[in-house]
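Common to both upcoming complexes is chain A, partnered first by chain B, then by chain C.
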Partner chain A sequence: MKAKLFDYIDRDNFIFNLSGLTKLVCFICMTFSVMFSYDIRYILFVALLSIIFFRMSGVQFRQIKLMLIYVAIFLLMNFLLTFLFSPKYGTEIYGTTHEIFRLTSRYVVTQEQLLYQVTKLTKYASVVPLGMIFLLTTNPSEFAASLSRVGCNYKGAYAVSLTLRYFPDMIRDYQDIALAQQSRGLDLSKKEKLGVRVKNVMNICVPLIFSTLDRIELITNAMDLRGFGKYKKRTWYVAKKLRKSDWFSMLFGALVLAGSLAMSFVVNGSRFWNPFVA
Partner chain B sequence: MEKKLFEFKTKTLVATGLGAALFTLLFMYVKIPTGIPETEIQTAYGIGAFFAALFGPIAGGLIALIGHFLSDSIQYGSAWMSWVIASGLTCFITGFVYPKLKVEEGEFGKSDIIRFNVYQIIANAVAWILVAPVLDIVIYAESPSLVFTQGVVAAISNAVSAGVIGSILLVLYSKTRSKKGSLSKEA
Partner chain C sequence: MGQTEKKPVIEFEHFQFQYFSQAEPTLHDINLKIYEGEKILIVGPSGSGKSTIGNCLNGLIPFSYRGEVEGSLKISGVETKESNIFELSKKVGTVLQDADGQFIGLTVGEDIAFALENDCVPQAKMKETVRKVAEVVDMGELLKSSPFELSGGQKQRVSFAGVMVDDVDILLFDEPLANLDPATGKTAIDLIDRVWKESKKTVVIIEHRLEDVLYRDVDRIVVVSDGRIAADMTPDELMAANILTELGIREPLYVTAMKYAGITVTPEMRAGRLDTLDTEQVKEPLIRWDQAQQKKEKPAERPVILEARHLNFQYTKKRKILQDVNFQIQEGEMVSIVGTNGAGKSTLAKVICGFVTEDEGELLYYGESMKGQTIKERSRRIGYVMQNPNQMICKPMIYDEVALGLRIRGTAEEEIEPRVDKALKICGLAPFKKWPVSALSFGQKKRVTIASMLVMNPQVLILDEPTAGQDYHHYTEIMEFLKSLNDQGVTIIMITHDMHLMLEYTPHAIVISDGKKIGDATAVEILTNEEITGKASLKITSLYELAMKIGMENPSAFVQNFIGYERGTHR
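And then the complex of A and B:
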């Protein structure tokens, strides 16, 4: 159990040098464009872009290997469950039936269902590199600064930055407590019965939670004593100035989003691309 | 001291930040398998409900929102927005119980346990059976029969988590606080 989160290593390339604000805006724009559209052509286009950006960012493949395995399992489960629960949803959406083969009377594999499910799969998969780029190339402290610049209340932004700051600490505390309890004979492995294991997990969580509550008091007092929250605004030490490349990138993100909306409303007339009605 | 429902003091802010970190940690690593594949009881919702009861709806809602978003992003690279919103909503609604409790003053009796559980069950039902599936259909165009089944399962398992873990934590926490007026002057 290692904290791979924000395994942030500073690099000097185009993506790293963009400000956190830019990356947040682009991330939101591109994610939403894929979320909205059910046109596999456009989704593949965004997927291609995100792979290109991923190459540009210079993030190593081994940094994200574990994540990719999780994603693959998740997508596979979703794929199977969708077919299990509603094998005819594709036909409902596209309004036609092109049968490929028949398993039982309920489970008929149709082209429509296949297109619907493959589209859905690519939809989720295509934004994965984007999320990883954003997480791995953004300085955690700068992230809060960029949140507050997109209009998020600075107290909310500060809460996020506290989360990022204390998450690794908490993992360490959790491990310390877990090891301490295990050395006292608490078994967390599969050898123990489920009920006992649950109780043992609780025995680790309770000290962790209570020490967190103490820590909340401590940090609150420290911040209050330094006059936090006195003014309506605050500045951020790590905020980067926006440069030409930032404006250019944000424009690009907005264009991708606009393209998705245009595909849906102008070209296809709905969120779905329907190749079955010629 | 009078408790306001939507106050956002420094303490609420810090509780939000650290609570979200805790939520993320538990959400990723501490799950209780139920025996049914891909359905685990998330202990994180117990913590979410606990923090919501202690620090109010804003803290609760943000904790679940940030926590769920982060853990999804770390594990899967991108967040499943409809469920993230539903998570936030659960703890937000649970937080409405906050002005009615006096856990900090060491009071958490049977009637409080019932009150807390009524709020959290309503919150889970609204968020997971109503909001999450509807958002799934609107945002992701998922098939209704799948998402409503998932929603019901999620509502039950999260309500169990919030009910059992949340209540236990609140009872334990109330015992660590000294009661108001527990000291008496010796003659």
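And then the complex of A and C:
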């Protein structure tokens, strides 16, 4: 089942039909706009957009369920740890203290801290659907084609696409090897101590590396035999021409970024939105 | 051939090649001419240099695998060492052995287009060519499929199309049958034949499964042995010349049968293919031989070591992998589990080993249910050997590798040593006890993996494709070794689609198709039953076809007699 996680499944809708380059540009613009700004109003706006895009892309929720759980755990940890290590950071930033309740003398819950942490949480949360859309709706080869068109070396670009092609195979290999080793008594379950488990995983990695090296030799030969690297350029079977919708989307991405910068520099005067100084 | 007007496209002249990494040349004094439009089969045991010849043709030698070349090899009149791999790839299209590993693109269309992309062909023209070529290999409907959705045979068609887009003059197939089940292999040979006839290209096939390739016409067979050309003649002549068996290449079974019956094969019998064989000349002696064979009585019943009752298994709700599978395996049996890829035979092995748990039904070991036993507990009784030893070996030294299972179980080191010694001795690896694994050949590594299972004293050994990719010599070596293990009391279960293996070594065969057991009988009964072989993508054995062709009364009995005779005389 794990192998399915990164499998690209072709669909026909607005987001899927965009070129990989467009999606990369939009992803970078929107990510940067939320990473730069600490204005929760704007971040929520981008988060809303990313949810809308996610719905538009038609990616199934179950495809990303596992990933989402990991992200949620990470965010929760981050949230708690931030409070644990710097409970007064919010007041430092906003310069005021509106106490809500007091746990100990060090751990005081303030409106400022809460705003700061919730802002940070939404920041990460709004980027996640964007990343998912990018990963799951971009045909890796088509993306490689886009990269090479904007001037990247096509050999490098192709490496990306090959990695994605062989990743599921490697996971499958890993699972097979793991089973065979377990039948020899290698315990990977939680019953075993962590140290031993790490050592056992190492025992699986050795055959995995060797079988991967075999694969690499084979694929290199296959590519050589079919003329890979003959010329400085190559054409792409899956390349998409940039269409109106691509230009429009990139413009939209740029506007979102511009909006974020404008909010910071013009409206708020800093990266933070400070509702406490009226 | 006598077709002097044809011009040679491949010319080896006193050609010699030595890999830099090796002390001795791999090819010696090769002289060989292949003419335009010919279909040539190159056979030879592993390590004979037949694959090296292939690599010389497509330019991997000397451009990827470095080494010293002497003499001359001209392709379409051009000296290869003065050419380069890209130019050669325009003349020689290579379909490699591993169809999965050479699948570069993410979809069928993309993979077929790969060579065109590298040639900077504009997209519109590329799509056009891809569509046309895909039609030729019957993959037109599947242009958008990903490699994970394709069967082994389909992947091979894609690689085939991928080299045909270049409009090459020479098509080179490196062991095209290695990973295919018998029926798919037959279709592959048909396809090669069709393309050869329609496009008038020169076709070179490197393969050791002689009988399967000879299912369709071949102009000449080149036999390679020890880096030299041992024979270069038509199939009919080759069958009449006693070279194959001497070199450890398996001749077609019907030819062996004729020889057992005391027939001197001559080129005039046209034994190159069963279709062309002149049965009038061989009919009498074969029937006489058949009648002279003693009927053997059935072996005595033994206790049942492994029994499956109503096994059901599914990964997802949609598709049932195993449906109500029942079987009994007796102690000391040698059993083959056969069926197409994806039929469920590997899953069945996984259920037996406890890698996955059955949804319904149960497995019994000597009548006692194995329900709830973990992989580790089961592995004490049932050993599992994977197809590729490189996927199993995780220690650099042979001794450590074999000892691993015992060390994990916390066995005392004093006890480990004698047990490892014993396992190594059984597997014929005792002299290599202190050697690193990397010094071994593929077949020896396979034995290391078997030794590392044997050290735990299992009563049952399950092997996944034990002889995949092995030539006749190594095949015999591995199988005779397994047979000797079996004689020492280990029950052996093999997952395979090698029909020779089934027929010769496993008196009992279980056939799985679409998750259901569709056959459970002697291998001879299975391989002479058209309904079962059809469903399971197997092939009727040529012995049966021979018997039918000469009109024997009981063709199955003839096959049984052949196997019995072979056991009696050769082992």
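Definition applied: the second predicted complex is superposed on the first by the 243 of 278 C-alpha atoms of A that agree within 3 Å, B and C clash if a C-alpha of one lies under 4 Å from a C-alpha of the other, contacts with A are read in each partner's own complex, and residues count from 1 in each chain.
Please note the rule applied: a residue touches a chain if its C-beta (ideal position, glycine included) is under 8 Å from a C-beta of that chain, and two chains touch if they have at least 3 such contacts.
In this text, all values refer to a predicted model and were calculated from it rather than measured experimentally.
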With the two structures laid over each other on chain A, which partner does A:203 touch: chain B (first), chain C (second), both, or neither?
second
Which partner does A:181 contact after superposing on A: first (chain B), second (chain C), both, neither?
second
Considering only touches as defined above, state whether A:45 meets chain B (first), chain C (second), both or neither.
neither
So, A:54: does it touch chain B (first), chain C (second), both, or neither?
neither
Which superposed partner A:94 touches (first chain B, second chain C, both, neither):
neither
Of the partners chain B and chain C, which touch A:273 in the superposed model: first, second, both, neither?
neither
Chain B versus chain C as contact partner of A:140, first or second or both or neither
second
Partner chain in contact with A:70 - chain B first, chain C second, else both or neither:
first
Figure out whether A:223 sits in contact with chain B (first) or chain C (second), or with both, or with neither.
both
Between chain B and chain C, which residues of chain A are contacted by each of them?
161-162, 164-165, 169, 206, 210, 215, 219-220, 223-224, 228-229
Contacting residues of chain C [partner chain A, same complex]:
58-60, 63-64, 85-86, 89-90, 94, 96, 98, 100-107, 109-110, 113-123, 126-127, 130, 144, 146-148, 162-163, 166, 350, 353, 355, 375-376, 378-379, 383-384, 386, 388, 390-395, 404-405, 408-409, 452-453, 456
Show me the residue ranges of chain A that touch chain C in the complex, using the header's touch definition.
3, 7-8, 10, 139-141, 161-162, 164-165, 168-169, 173, 176-177, 179-187, 203-204, 206-207, 210-211, 214-215, 218-231, 233-239
In the complex formed with chain B, which residues of chain A make contact?
1, 4-5, 31, 35, 38, 64, 67-68, 70-71, 74, 77, 81-82, 85-86, 89, 93, 120, 123-124, 127-132, 135, 155-156, 158-167, 169-171, 174, 194, 198, 201-202, 205-206, 208-210, 212-213, 215-217, 219-220, 223-224, 228-229, 271-272
Enumerate the contact residues on chain B facing chain A in the complex.
8, 10-11, 13-22, 24-26, 29-30, 32-33, 38, 43, 47, 50, 62, 66-67, 70, 73-79, 81, 139-146, 149, 165, 168-169, 172-173, 176
